[in-house]
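After this come two complexes, each holding subunit A, first together with subunit B and then together with subunit C.
Take a look at the complex of A and B:
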């Protein structure tokens, strides 16, 4: 099997002087510094030889230290359990880099985000529109640069408009969102339709981008970020805080006690159970099957009470700190946990039994929203979405964290490629999560729950952590810094990767199926603030601006 | 299809009525719940360790008069993480099981205490008269 040393060796022999440095900074995490011109050849070479999976890229402003902007392209070698980070230093006067999106389609949003926030533009990008920043954000102001104060509010420039795609010839426009009854969270999809059939679509979101990364690396301290990271998502909060803590712990070399790692695993799996049951209810609600909504949420509720009992709150557990967890799971409560999750297992099996043969569900969910394996791979889709397409990617196995190294479990994979396959994957994972928790409770060793944390976490260290959220992989990249806070903290939520495949999976489908197709990704996105109104008679489109809406 | 529907009906019938009577009957949270913060003014030494660790910055410390320090917990910002309770060297801060915080007056959502302290002759900042520095050193003022 390929090892980290072999990857470094191969790159060194092939590219020789173009490699400025290569080091395995953390166990199984290789950081390779290359000259900017060699980026595309290196990535092409990697794609040919090993075909690693692209995760994210992260732009970092280190102008004060060595006058450069650094872009880190993070790849994952799944079966080898290795992260590879290709880093390119760019001159601060001209921070441009060749785009890798033509080679890896999944890098599309990531490169646009780096341009928006750090000001490193990708040359020859196929879709160089603004992605993250608000429409009225002035050009040339990059919030993640270090010379940008975290509380600075630049003046509004309302004339800046992000151009939306022109509808193809002969199609009509149907807006879905920003506020649409079945998709609880606001997002704006602009569908181009020919009759009932969807030809293409455009997406605009990120309107309530909260700038958590900036706040984290300029105001908060290491231990404060754990709690703010937990609030990135309302459902998979504990996943983000675990992911952040593990990334810092790996970077600083902090040893987490085994018991704390088991507790993290238990909480993560409890979160998976309630998230999947929540999704099942919402998906059923979208297709108008409210019986299932009521029942799956009824089954889910005892998990929330259980979490409240363990952690002191239903949803935001607040258990993680750098080095361990804050609350123990005492032996007295073990029986109750087992009782509750066994009941959930029993009831979930009953529900599965009752719905798998339901032909009215098959009619709505089978052969709808097809995500082919090749597309899923090129867009770098993650989580149950991709496991429903027959690809076995699961970071619990691929990049073990917490106590997953010690727990065996089955990765649920389905080959249907449709919504039904994704549903089955999630249901199987719910059952599997129950087994994992029971196993953890049995094997959990005694001992401390908080490890030894050094007085000051040394600066300049970096690490990546990848945690399997119910929706897919959450990825956190941390570069440690001075003043008890990270220098750069990059977060990627799973929906970021999954939402990019929407144009592919709704192509050729009918309008009525769009909500459930988007819903089948278990999306989790931010608010938007603008609306499009289409005049049905003329097909003319008018976009109202913020000012006009306020005036009304 | 028909059998599936029967099974679904059976699940519904078996579940029965599950809605709780809350708010007509109280629904007390379990032990260890993290609710509204409560500060014991007799115990507080005004070290501001809680304000230092608070993740959302919900605790405001002002030295408003000679020798007086005001500590305000803004519950509108509070995320009930309980870090203040954890780091308090005097166990003056406690999270209660009170969770019904909705109110018509915003002032209800601020817990204010005022502690009398001595003023440092050099930096004019407040400090607790009886061996406060020792206490800070011992119990990890900066955490």
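Take a look at the complex of A and C:
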């Protein structure tokens, strides 16, 4: 099997002087510095030889230190459990770099984000429009540059409104959103339709950009970020705080006690149970099956009570700190946890039995929203979305964190490629999560829940962490800095990768299926936009609500 | 105002839920309030699919720069008389994001707010209680105070504390 050393060796032999430095900074995480001109050849070479999976890129402003902007392209070698980070230093006077989107379609948003927030534009990008910043944000103001204060609100420049794609010849335009009743969060889709059939679509999201990354590197301290990371998303908050903590712990070399890792695993799986049941309810609601909505939310509610009993809050647990967790799961409540999750398992199995044979559900969900394996790979989708297309990517196995390497479990994979397959994957995972929790409670060792943390986390270290959220993998990249806070903290939520496949999976579908197709990705815009009604005023366009769409 | 409330919202209020760049936590709790364990529908509260059918807006999240103009439009499309509930700490006063570069901070900076339900996220019981207070089903437990009189620093007291219906 390929090792980190071999990757470095291969790159060094092939590219020689174009590699400025290569180092395994953290176990199984390789950081390679290349000259800007070599970026495209290196990535092409990697694609041909190893075909690693692209995760994110992150732009960092280090102008004060060495007059450069650094872009890090992070790849994952799944079966080898290795992260590879290709870094390019760009001159601060002209921070432009060749786009990798023509080679890796999944890098599309990531490069646009780097342009918006750090001001590093990708040359020859196929779609260089604004992605993240608001319509009235002035040009040339980049919030993640170090000279930009986190609380500065630049004056409005309404002329910068993002132009939406021109509709193809002979099609009508149907805008959906940004406020629409199907999904909770704002996002704006513009569908180009020919009769009932969708030809293409355009997306304008990032209504929920809140500037969390900027807070992380300019205002808060290492331990405060754990709590703000939970508020990246109200559903999978614990996943983000775990991911952040693990990234810092890896960078600084902090050893987390085993008991704390088991506690993290238990909380993560509890979150997976409630998130999947929540999704099942919402998806059922979208297709008008409200009985299932009520049932699955009824089943879910005891998990919330359980979490409240363990952590003190129903949603934002506030349990993670760098080096461990703040609250123990005492032996007295083990029985109760087992009782609650066994009841959930029993009731979920009942629901599954009822759902699996339901022919009206089959009619709505089978062969709809097809995501082919090749497309899923090229857009780098993650989580149940990709596991429903027969690709077994699960960071609990690929890049084990918390206590997952001590726990055996089955990765649910379906080959249907449609919404039904994604539903089955999620249902199976719910049952699997119950098993993981039971196993963890049995095997959890005694001991401290907080590890030794050094007085000051050394600066200039970097690490990547991947955590499997209910929707897919969340990725956090941390570069440590001075003043007890990270220098750069980059977050990628799973929906960020998954939403990019929407144009592919709704092509050729009917308008009435659009809500459930988008819903089947379990999109979570607040994560995606972290940091994060058009009423389209022109012409005859109007907002179509779900009801109106179905009526049509 | 009392009489308008009593007259217009006596039987049942239909609510429209708006996420103005919230993290989803409050939104999930709002939906939760409608599901079997809390069952808001027993008070006649119903979630509707269009702002034009709604009596009240439930707004979550500190309003982001991109959402701000859309939220104003949305507010206009709700027929009069209307109520606005700011749900969650972010909607109440910006929460932890109050000074971020891309946020306006607090729903009351964009549209008038009648009732605040703080919490991160507020429990479904809290949301139900807030709506019940608005409908006059139960008595209010806290009274609005103006931070300015307490000598808080500039930044905090600049935030306009919207007049609640009860003060008028």
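Throughout what follows, the second predicted complex is superposed on the first by the 525 of 552 C-alpha atoms of A that agree within 3 Å, B and C clash if a C-alpha of one lies under 4 Å from a C-alpha of the other, contacts with A are read in each partner's own complex, and residues count from 1 in each chain.
One rule holds in what follows: contacts are C-beta pairs under 8 Å (C-beta built on N, C-alpha and C of every residue); 3 or more make two chains touch, one makes a residue touch a chain.
None of the values given here were measured: they were computed from a predicted structure.
> Report for A:359: first if it touches subunit B alone, second if subunit C alone, otherwise both or neither.
Touch partner of A:359: subunit B, not subunit C.
> On the A-aligned overlay, A:151 touches which partner chain: subunit B = first, subunit C = second, or both, or neither?
Second partner only.
> Which touches a greater number of subunit A residues, subunit B or subunit C?
Looking at subunit A, the partner in contact with more of its residues is C.
> Quick check on the superposed pair: does A:223 touch subunit B, subunit C, both, or neither? Answer first, second, both or neither.
first
> On the A-aligned overlay, A:215 touches which partner chain: subunit B = first, subunit C = second, or both, or neither?
After superposing on A, A:215 lies in contact with subunit C but is clear of subunit B.
> Identify the partner contact of A:326: answer first if only subunit B is touched, second if only subunit C is, both if each is, neither if none is.
First partner only, subunit B.
> Answer with first, second, both or neither: which of subunit B and subunit C does A:351 touch in the superposed model?
First partner only.
> Figure out whether A:312 sits in contact with subunit B (first) or subunit C (second), or with both, or with neither.
So A:312 only meets subunit B here.
> One more residue to check, A:264. First (subunit B), second (subunit C), both or neither?
The answer is neither, since A:264 touches no partner chain.
> After the superposition on A, what does A:125 contact: first (subunit B), second (subunit C), both or neither?
neither
> If I apply the document's touch criterion, which positions on subunit A are contacted by subunit B in one structure and by subunit C in the other?
228, 231, 294, 298, 301, 316
> Show me the residue ranges of subunit B that touch subunit A in the complex, using the header's touch definition.
1, 3-5, 7-8, 10-12, 15, 18, 29-34, 53-56, 79-83, 86, 95, 143
> Which part of subunit A faces subunit C closely enough to touch in the complex?
For this pair, the touching residues of subunit A are 133-137, 143, 148-154, 178-179, 181, 184-186, 206-211, 214-215, 228, 231-235, 237, 278, 281-282, 293-294, 297-298, 301, 304, 314-316, 524, 526, 529, 531-535, 545-547.
> Please output the residues of subunit C touching subunit A within their complex, sorted ascending.
Its residues touching subunit A are 17-29, 31-32, 35-37, 47-51, 61-62, 64-67, 70, 73-74, 77, 96-97, 99-103, 120-121, 123.
> Name, in rising order, each residue of subunit A that touches subunit B in their complex.
Residues in contact with subunit B: 220-221, 223-228, 231, 291-292, 294-295, 298, 301, 305, 308-309, 312-313, 316, 318, 326-327, 347, 350-351, 353-360.
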